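Heads up, the next two complexes both have chain A, just with different partners, chain B and then chain C.
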Partner chain A sequence: MESNPNIKTWTPTTFVLLFFIVTGGATMLYRIIFGLGATTNLSDAYPWGFWLGLDVLGGVAMAAGGFIIACVVYIFNWKKYRPIVRPAILTAFLGYLMAVVAICLDIGHPFRIWHPMFMWQYHSVMWVVAMHVIFYTTTLALEFSPMLFERLGWEKARQMVGKVMVGAVIFGVMLSTLHQSSLGAVYLIAESKMSPLWWDTKLPFHFLVSAVAMGMAMVSLETMLSKKFLHHEVDSEIFYGLARGTLIVLSFYLLLKLYQLIMVAGVGLAFNGSLESNMYLVEMLIGVVIPVVLLAMKNFRRNINWIFSVNLLVITGVLLNRLNVGLFSMESYFASHGLSYSPTWMEFLVSLGIISLGIFLYKMSAKHLPLFSH
Partner chain B sequence: MEYKGPYPQDTLFSSINRRDFMKFCTAVAATLGLPMGAGVKIAEAVSSPERPPVIWLSGQQCTGCVEMLLRTDHPSIDSLIFNLISLEYSETLNAGSGHQAEAALQQSLERYKGKYILVVDGSIPVKDDGIYCQIAGKPVLTILNEMAPNAAAVIAIGSCASWGGVAAAEPNPTGATPVHEVLKPKGISVVNIPGCPPNPYNFLSTVIHLLTFGKLPELDDKGRPTFAYSRLIHENCERRPHFDAGRFAEEFGDEGHRKGYCLYKLGCKGPETFNNCSIVHYNDTVGCWPVGTGSPCFGCSEEQVGFHVPLFSKSRVAYPTPPNQFTEAVPEKGKGAVKFAYGVAGAAVGAAVVALAKRDGNEEDKKA
Partner chain C sequence: MAINRRDFLKFSAGAGLLAGAGVETASAAAEAPPQMPKDALGILYDATLCIGCMSCMVNCKKANAEPGGALFHRETEGQIPYEYPKDGDAIYDAPIRLSDKTLCIIKAYRAGDKAVEPDTPASSFVKQHCLHCIDPACVSVCPVKALQKQPDTGIITYNKNRCFGCRYCQIACPFGIPQYEWSKASPSVIKCQLCNHRLAQGKYSACCEYCPTGASIFGRVEDLREEAKRRLALKTGDSYNYPVQHVDGRQRTEKVVEHYVDHIYGMNEAGGTQYLFLAGVEFNKLGFNPRISDMVYPRLTWSYVSHVPALIGALLVAGTVTRLVTQRMERNKNKDQTPTDEADAS
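Let's turn to the complex of A and B:
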């Protein structure tokens, strides 16, 4: 097949993306040569900062759409969502690749990233997370490969992948649920540092459920954007269905968080005016309460413009949740120890570069791969 | 030895029971850092009918050092001066007065020549031949110079006698001089028990050591008994953990002060003052010492500190020792990630507002 003639490569957006990719790439190089201390404001007290919160936790949560759509299409055989399964898988694949880049930069010795594969420390949640990332990225590569094989015309390879596709999807779903929740489980160790507004033994479930909600919002949003900018025509029913799914999952998430607030943290904690309480309120309002209220009304749920707004809200809210869990929920602990953290401009540049790379690769895939063929 | 007090001897002994007496002796042994067995020796020494004669001479003083002795419970002042020592002369406690008292003094000086313990409180004015402090028309400087050569031991009690004290503070109009400097030319060594007032047990333990073992306890190069003055107050201070953790009272009556934090920033001189105040509290009352009541130590017992260094200026930490670990200090010291957090929150709210504001526009208006 040929490249998609509807998509132009050299647009102003592309130049902006390339600019960020180049500056971000240069900063990454600087980080690899001169180290974390020269590049970031991270310290022994703040080993996990902006990169971990946004690029890894946020990026992985964004990628949750991949396993959800793959599951409903390949396992439940809900044909309605077939048009968006490839974009969803591509998003997940790119999301994980971006998370891997961020992890590589964030660990002290980037060239020891392979260590968990051979030096097993199976008592560590970190090891579990590392293995999940490795396995699931591999699985996503497999799920993604048919697009590449079609483009290259490798019919035999494509058929072979097609035979194991359902198995790979089942494996991927399993890994994803484990991985989304184990990212939350990483924070179980920080009981003494985190505010009980977030910390609970059920934190892994919170991560999983919010990732599912965000994954659907993300797939819905990117499909809308593809429709607008990359001329990918899809049926509006897909958006309505995703909005309904988001409502169901988000309502369940709201119940979980309310239980957490009332039974674990205590309601007063959310209104005591501290940084944690304010961040909690902002996160819950933007990411959960307003979207649930809007989606609960059928007029809004079946209006593409409103769904677009709600998708943005949910994504913002869950990203904020990941930053809260990773950074701001520990504010009083760090403040009481006289510690401070604020990302350097280089940390921002790297994150911007990674995100730009993701968008750029998505666009190039849309142009050169059979992404929207259905 | 002939008993000269107002009561018969056996009535006096019945005023203190054996158990309390042994407790006192053991406590003295503990203060001195002696083995428990020494308590028996002490008991034998202090219960012997040969009570040591003590002559108490006062210079420029405030009577605080005598008052300090009056306030002890083990022993109480009556059993002290009637049972343990034979107080031959003290301007505060003399039964007689005037010529009668002076006559008794002369008598004692002759009778106990070379045997009496001379205790001096107050500084000795030397300016203008010592005319600024006189007893019975005689400068105390002259009296001291007469009495000291015939004493078994000279004990300077209180900061005035030890270092000059408040009377020697600038501009020192009377030429107030410590006892050991007055007696230096005569080659007489002096035991210094500094403090304003000193803890009575530091004095009593020194006296009883002398009685029991026939010699003075070990002294440092400033003539202070090492059992009491070898450690800085700071080293054993009950508020030391606060110092190590960085919790300080910043001003009188603030929250840290009320919570009992370290008083270093209020001018506590504990880090440069050698004394055992933080271990042996005053008047047999637990917590009864300056720092224990929330008042910074002013270094009364340290030469060139008390009465010389301004009350609220920070002391020099003489021997800083790092703590084993830093305990969690007062909250709200650092800034955490608060600016970043509110930046992110602002961005999130902005994104939400943009998302909601866009709802009315048609699809053409939407941007990534």
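Let's turn to the complex of A and C:
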């Protein structure tokens, strides 16, 4: 098979991406040589910062589209979504690779990343999370491999993977469901530090449901972008279906969050004008309330431009949620200790580099692999 | 947290899809308070005896900069990590909070209003360091067992060679104790290890050994609890023969009893700690996070983790069953229409 002639390698976008990849890479090297203190504004009050909130928590939530579409196509057998299953799996694979890069840089000893594999401590949610990352990234590599084998013409290898594909998808859906919720479960133990606007015994479930909503919005958005920039022709019904799915899941999420607000946190907490309450309101309005209202109306739900905007809102909202849980939910605890955190320009450069690398690899895969062939 | 048999059975129960049984054991365990080793060691700090001389802080640094100590590093062997004020003279160690150079710190509280609270002293000191929880959050969250609770003494020790630096312990510790060496390219977590390295030499925690007034005393937690209860039963204004350095009372000092808040902090907080506090001022004012309850924090995450094996099983079964059902539906549909190949699994 030939490379996709519709996609040009050397465009201005590619140069911009490469620029960010190089600067981000240099900053990563600087971090590995000189340490976290020299690169980041992290402190004993804010041991987890921007990288963990955005690149790891946000990145993994964005990758949720992979397991949802794989589940819908291979387990539910809804053939309509077959054209987007490969892009969705690729996004998830790249998303997890990006998260792994971010985790390696974020931990104090990047070269000890393998420790949890041999030093088991199954009481720790972090250990559970580490296992899920390892297994799911491997599973995603397997789910992704047919594209590579097709390109290389390794027919036998492709057939072998084809035989275990459904098993891999079932395994992957299980891992992904648990990984998304485990990331929420990480914060269960910080009960005395987090604002009740976010902390709840059902936090793992909140993480899972919001990740599903975001995953669908992300797949929809990226398919729109590939349609526009990478000439991937898809039926509009796919977008309408994803918008409907987003509406259903997001409405359920809204009910969960409202129940939590009214029954656990107390409504007053969301309107007391503090930084947390404002961040909470912004997150809920942008990511949940406005999208639900817009999608509830059929004219909007069946209009590509509106779906595009709603997708952006949902993605921003869930990313904000992860940053809120990771950073702003503990603001008042740390403010009482007179400490604050804002990321350094180097933290931004690294994140930008990682995201650019993801987009660049996606584009190269679209050009050189049979990504849109189904 | 050592992997004990009960937990292992619970874990296996989940793995065997005995979800119901697993939940029952878990909820039964949630009610029982955590047990500490019989000879668990700890410290009793009595703020009414503390004069804020900071002898504990200085001697903590000296003792822990020795090989085996929590502040010892091979590359800085022989140096004591004092924190002098910025641009100031190197005459007086002046850390302002716990850090990668300070395991133990004396903080002062000065806001008492005699008019509002006539019984409350106008000021108080408080000594912050690791509380060595009976069921410690940091140990339960550490994914590589770098933090461990010693089975005999209950001391929470740290192994820098296992740690890969995820810093979950910092997020999890309700008391905000673990500190990180941010400035190093090869960093470690820094926390009080109750002078574990001195026990082997027949000594005990430096902060107690060098405390001149008996504000910090070392000993078995059982004995310290008894001593604390005895003090709360005393009347303000009476005199009492306070043990100094060690709860065994080989050295004592007689002093007039001051007003106590009727509470032993650490008796039940976070499920109980091996470092106990007495004070004349409400504990919230001494810098303790008021949201810390008697909750055993590791149970919050264990209630999730213990269900993971059952969830793995349930999700795998649900996925397989759904796939089989949709496959059959597909086959039936194809039979009704044209007989085509149904193997489009890839």
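Throughout what follows, the second predicted complex is superposed on the first by the 374 of 374 C-alpha atoms of A that agree within 3 Å, B and C clash if a C-alpha of one lies under 4 Å from a C-alpha of the other, contacts with A are read in each partner's own complex, and residues count from 1 in each chain.
Here is the rule we use: a contact is a pair of C-beta atoms (placed from the backbone, for glycine too) under 8 Å apart; a residue touches a chain by one contact, two chains touch by 3 or more.
From a predicted model like this one, the values you see are computed outputs, not experimental measurements.
Superposition of the two structures on chain A leads chain B and chain C into a clash. Contacts of A:Ala157 after superposition on the shared chain: neither chain B nor chain C is touched.
Of the two partner chains placed around the shared chain by superposition, neither chain B nor chain C is touched by A:Cys104. Of the two partner chains placed around the shared chain by superposition, neither chain B nor chain C is touched by A:Val289.
Of the two partner chains placed by the overlay, only chain C lies in contact with A:Ser192; chain B stays clear of it. After superposition on the shared chain, chain A has more residues touched by C, the comparison being chain B against chain C.
When the shared chain is aligned, chain C comes close enough to touch A:Tyr122, but chain B does not.
In the superposition on chain A, A:Phe328 makes contact with chain B only, while chain C stays out of contact range. Applying the stated contact rule after C-alpha superposition, one finds that A:His337 touches each of chain B and chain C. Once the two structures sit on top of each other via chain A, chain C runs into chain B at 258-266, and not at any other stretch of 6-14, 24-32, 114-122 or 258-266.
In the superposition on chain A, the residues of chain A contacted by chain B and by chain C overlap at 337. Chain B contributes residues 328-342, 344-345, 348-349, 351-352, 354-356, 358-363, 366, 368 to its touches with chain A in the complex.
Of all residues in chain C, only 1, 3, 7, 11, 97-99, 137, 140-145, 162-168, 170-172, 174, 176, 178-188, 289, 291-293, 295, 297-298, 300-305, 308, 311-312, 315-316, 319-320, 322-323, 326-327, 329-330, 345-346 touch chain A in the complex they form. On chain A, the positions that touch chain B within their shared complex are 13, 46, 50, 224-225, 228-229, 275, 278-279, 282-283, 286, 290, 303-306, 308-310, 312-313, 316-317, 319-320, 323, 327-328, 330-332, 334-343.
Remark: chain A residues 32-38, 42-45, 47-48, 71, 74-77, 107-109, 112-113, 115-116, 119-128, 130, 146, 158-159, 161-163, 165-166, 169-171, 173-174, 177-178, 181-182, 185-193, 201, 204, 333, 337 touch chain C in the complex.
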